[in-house]
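One chain, subunit A, links the two complexes that follow: it is found with subunit B in the first and with subunit C in the second.
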Partner chain A sequence: MSPVIDIKHLSARSAAGPILRDVALSVNAGETMALVGESGAGKSTIAKAVLGILPQGITVTSGDIVFEGKNLLTLPQRELRKMLGVRIALIPQDPLTSLNPARRIGDQLTDGLRLRAGMDGKTARTQATRLLNDVQIRDPERVLQRYPHELSGGMRQRVLIAQAFSLNPQVIIADEPTTALDVTVQKQVLRLIRDMQRNHKTTLLFVTHDLGVVAQVCDRMTVLYGGKVLEQGVVAEILQSPQHPYTQALLAANPRYDRPSQSLKPVPETVLAALKQELSA
Partner chain B sequence: MAPTLILSRALSAIVTLFGVMVIVFVLVRVVPGDPIAMMIAPGASDADIAALRAHYGLDLPIWQQFLVWLGQVLLGNFGTSISLKQGVLTVILERLPATLELAVFALAMALVWGSFIALVSTAARGTLLEKFIDNFNGVMLAVPDFIWGLTFVLVLGVFVPVLPISGRSDPTIDAGLSSQFYILEGVLRGKLLFVWDVLKHMLLPAFTMSFPLAAVIGRVLKNTMMDVMVQDYIVLARIKGLSSLRILLQEALRNAAVPALALTGVQFTFLIGGTVITERIFSYPGIGNLAIDAVINRDLPLIQGLVLTFGAIFVAVNMAVDALAAWLNPRLRHA
Partner chain C sequence: MPKDFRIWLGGGFILLLLLAAIFAPLISPFDPLEQDLLSATMAPGQDPSHIIGTDSLGRDVLSRLIFACRIALTVAFVAATLACLAGTFLGMLAGYLGGWWDATISRLIDIWMAFPPVLLSILLVAVLGTGIHSVIAAIVVIDWTRFARVVRAETQQQARLEYTEAATALGMSRGTILFREILPNVVPVILVLLSLEMGIAVIVEAILSFVGLSVSTDTPTWGGMIAEGRQIIYQAWWVLVFPLVTLFLTVLAFNQLGDGLRQWLDPMLKR
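Presenting the complex of A and B:
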């Protein structure tokens, strides 16, 4: 099986130092790949590099991101824009800030359908109603008339999920899509993303720091630290028998809800020291 | 806007206008200058002067004078102009349309010009063009409007006389209009040649008044646009593959417009205040020019009427801005 997204030797740096170190990552068609790591591990930077929205100050120093035979890093802005939204879409992290406060849900949701798929307003609205149905929003016609501030966080994230899937893209990047939500809503939204991904046979790149989420929705996972890939493989295998000491420590650090008396175990200093040495080598 | 909101705004408008009435009434009587002294013929006797003073009620205590005026204003009677010997309301209503048309024209130019500056500068961020526009805008901001006015008169009226620099229309054209709304009525009646002539007369004064306002709008809108352009929904719009122009106009402008608009409301009142000097420079027959004549002649009833008119315009503009802001920002609608 040839990979849908093939990232090779990707390195990036900012003024403060390296952000990504020779990252290799390939995601196969229809699978869900988790990018796991703590803050600053570089997981979001990889997602942003794929989408061509790296912040100013971060530059890619080497490597390729190949998608559908094209290197996204060298693709002209124009060509990249043709792909965005249609072939690659994003489920953003914060549903509260990712919808335009001044536009109705219906207008925002149908942007892609009207402007990219060329539907007329009425067809796009019918399609939008169907999409909202798919993401289990009740009374979709009314919701289309609403402004973002009139919806709850969970509802807004559902709208954003519907929007990401609206043009049936090959790849969707989910950037910590449940971090900003309540725990109860998190579960529903996760299940929804997984179901939508299976129905649409979408390839999903799932950025998260939550190993519980990884176990629930992802097929394979990549563990990152300091911009370096430490471990990569099938989720069940890595969770069963992690090879890298950092991954082991990360798993041990996960709080056990069934044993609340047990104190939290941070990643041991010795592991971190070894990692720092590994990175500077 | 909710009905209760409209009601509370109307109440505060009444309070504001009452305050304006008190202040102007007291001020014009405290500052030096005597309307009677401007009227009397040389050699009038003291008895004549006293009689004249009594005729205009100026011999009464100031609070009594105020109550008389307030009562009459509430009945719709604004008094008689001392210098023009005509009803204050008649005089103002005859001149007001000229000022309103000029101010609205200047506002429209400032909005177009200011938005254009802001949008181009935002689109060009990070380039030399952005720096150039921002600096140019700084110059526009720093130069007061009457300097622009005098410069225009000198350059476009005297050195290269391409535009008229005085009056409101060519006196040789008789359009036979029945109202003083030359543009409005002219357009409605299809007298486009006359409208064109009036527009030409308005061009330089309107430019004069619009420059500082355009600069302020441009600067504020540019700043809020820069804040909006880094918002998550703008980034997402880019990832949706929307064009830069669409992102600028459809996604960003509406959100950035609210603060700029609120400021435009305040600044528009300054612009109307600016009509006083600009109309003088261009001998434009509006209420601004009338106000200067009224002050020179110590025409108390006319000054009071004019200031009250300006006050009413300010209040109306502020209410209109609130309504517009609510329309632009749906989150304010239920506030």
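Presenting the complex of A and C:
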């Protein structure tokens, strides 16, 4: 199977130091690849590099991100913009701030349909209603009239999911889509993303720090630390028998709800020290 | 519906002035230019038909006050709106595009604000010649910086928020993001500034007509009336006081409206 997104030797740095170190990552068509790591591991940086929305101060120093035969890193802005939304889309991290507070849901949802897919206002409206229906929002016509602050966090994330799928992109990058939601809503949203992905046959790059989420929705996973890929493989295998000591420690650190009396286990200092040495080498 | 009484009070007073300006020929008891030297400097109430008296040429003060609304409000609305459009456009460009654009526009603002505004406006009108167009031009040329500065800062802040990033990831062009995504979030600030700027425009117009640099002297203006009243303050205080009070209340109304709008539109305070 040929990869849809092929990232090779990707390195990036900021003024403070390296952010990504020679990352290699390929995502196959229709699969869900998890990017796992703690804060600062570089998982969001990879996602943003693919979308060309790296914050100022972070520069890619080497590497390729190949998508549909084109290197996204050397693609002119104009060409890249044509692909965004239509070929690659984003489900953002924070549903509370990722919708424009001053505009109605309907206007925000139809923007992409009208400006990118060339629909007229009425068709776009009908399509937006259908999209909200797809993400299981009840009474979509009413919701289209609402402002973001009138919706709950879960509703907003559903709207953002609808928006990401609205132009039927081949790849969707989900940047910690459930982190800002509470646990009960998380589950529904995860199931929704999974169903939508299957229906649309979308390839999903799923950024998260939650191993439970990985186990639920992802096919393969990449474990990152300090911008370096530590381990990569099928989710079931890695969760079953992690090879890298950091991955082992990460799995052990996951709280066990069935054994609440057990104290939490942080990643041991020895593992971290070994990692630091590995990174500086 | 805004609950803030300042919006209703300020807005109500401005609406009243607006109606007075539009229907001036219908509601003013006399022709504002009609001289009647036999009934000069009549005190308020001395003649029931001249409710707030007459000036040194026997012209009805109330009628002149009402007609002067026309110049004041025209200048306030037109000049403030034009300054707003120019300043907002440049401010948004500077705030969103950053880099070279920001550097150029910001330096321009800095240089502009180094000039003393009143002197600059007098100079401008002296060069452009008197007349309402010159007054408006002078205000626009001087006061666009007020909008540009604030809108630039606000745009910068909005551009860093995640909804802008989300729109970029959806493949929206920079123009679309600036005018469809960011502009609606900057509008509240613009409205507040616009209201305050109208008050400032009223003052500037009064200053210019006070020194005789506004419209021709036979058109009644508040500034012109104050200038005339100043000369006969010991004989006829009402010629000075009424336009002064009207001017004061008008500026106060615009400021209160602006402050009220700020409270009402501020999303942080609303939540």
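In this section, the second predicted complex is superposed on the first by the 281 of 281 C-alpha atoms of A that agree within 3 Å, B and C clash if a C-alpha of one lies under 4 Å from a C-alpha of the other, contacts with A are read in each partner's own complex, and residues count from 1 in each chain.
Note that in this section a contact is a pair of C-beta atoms (placed from the backbone, for glycine too) under 8 Å apart; a residue touches a chain by one contact, two chains touch by 3 or more.
Keep in mind that this is a model prediction, so the values were computed, not measured.
Novice: Looking at the combined model built on subunit A, do subunit B and subunit C fit side by side or clash?
Specialist: Aligned on subunit A, subunit C clashes with subunit B.
Novice: Please work out whether A:138 is in contact with subunit B alone, subunit C alone, both, or neither, and reply first, second, both or neither.
Specialist: neither
Novice: With the two complexes superposed on chain A, say which partner A:147 touches: subunit B (first), subunit C (second), both, or neither.
Specialist: first
Novice: Touch check for A:259: first (subunit B), second (subunit C), both, or neither?
Specialist: In the superposition, A:259 contacts neither subunit B nor subunit C.
Novice: Now for A:122: first (subunit B), second (subunit C), both, or neither, which partner does it touch?
Specialist: Neither: A:122 stays clear of subunit B and subunit C.
Novice: From the options 22-30, 40-48, 58-66 or 256-264, pick the one stretch of subunit B whose C-alpha atoms clash with subunit C.
Specialist: With the two structures superposed, the offending stretch of subunit B is 256-264.
Novice: Report, in rising order, the residues of subunit A that make contact with subunit B in one complex and with subunit C in the other.
Specialist: Overlap of subunit B and subunit C footprints on subunit A: residues 51, 53, 81-86, 89-90, 92, 94, 97-103, 111-112, 115-116, 149, 160, 163.
Novice: Please give the residue numbers of subunit A that touch subunit C in the complex, ascending.
Specialist: 51, 53, 81-86, 89-90, 92-94, 97-103, 111-112, 115-116, 149, 160, 163
Novice: For subunit C, which residues count as touching subunit A in their complex?
Specialist: 161-163, 165-173, 176, 180-181, 184-185, 187, 267, 271
Novice: Tell me, which parts of subunit A touch subunit B in their complex?
Specialist: Against subunit B, subunit A makes touches at 51, 53, 81-86, 88-90, 92, 94, 97-103, 111-112, 115-116, 147, 149, 160, 163.
Novice: Inside the complex, what are the residues of subunit B that reach subunit A?
Specialist: 231-233, 235-243, 246, 250-251, 254-255, 328-331
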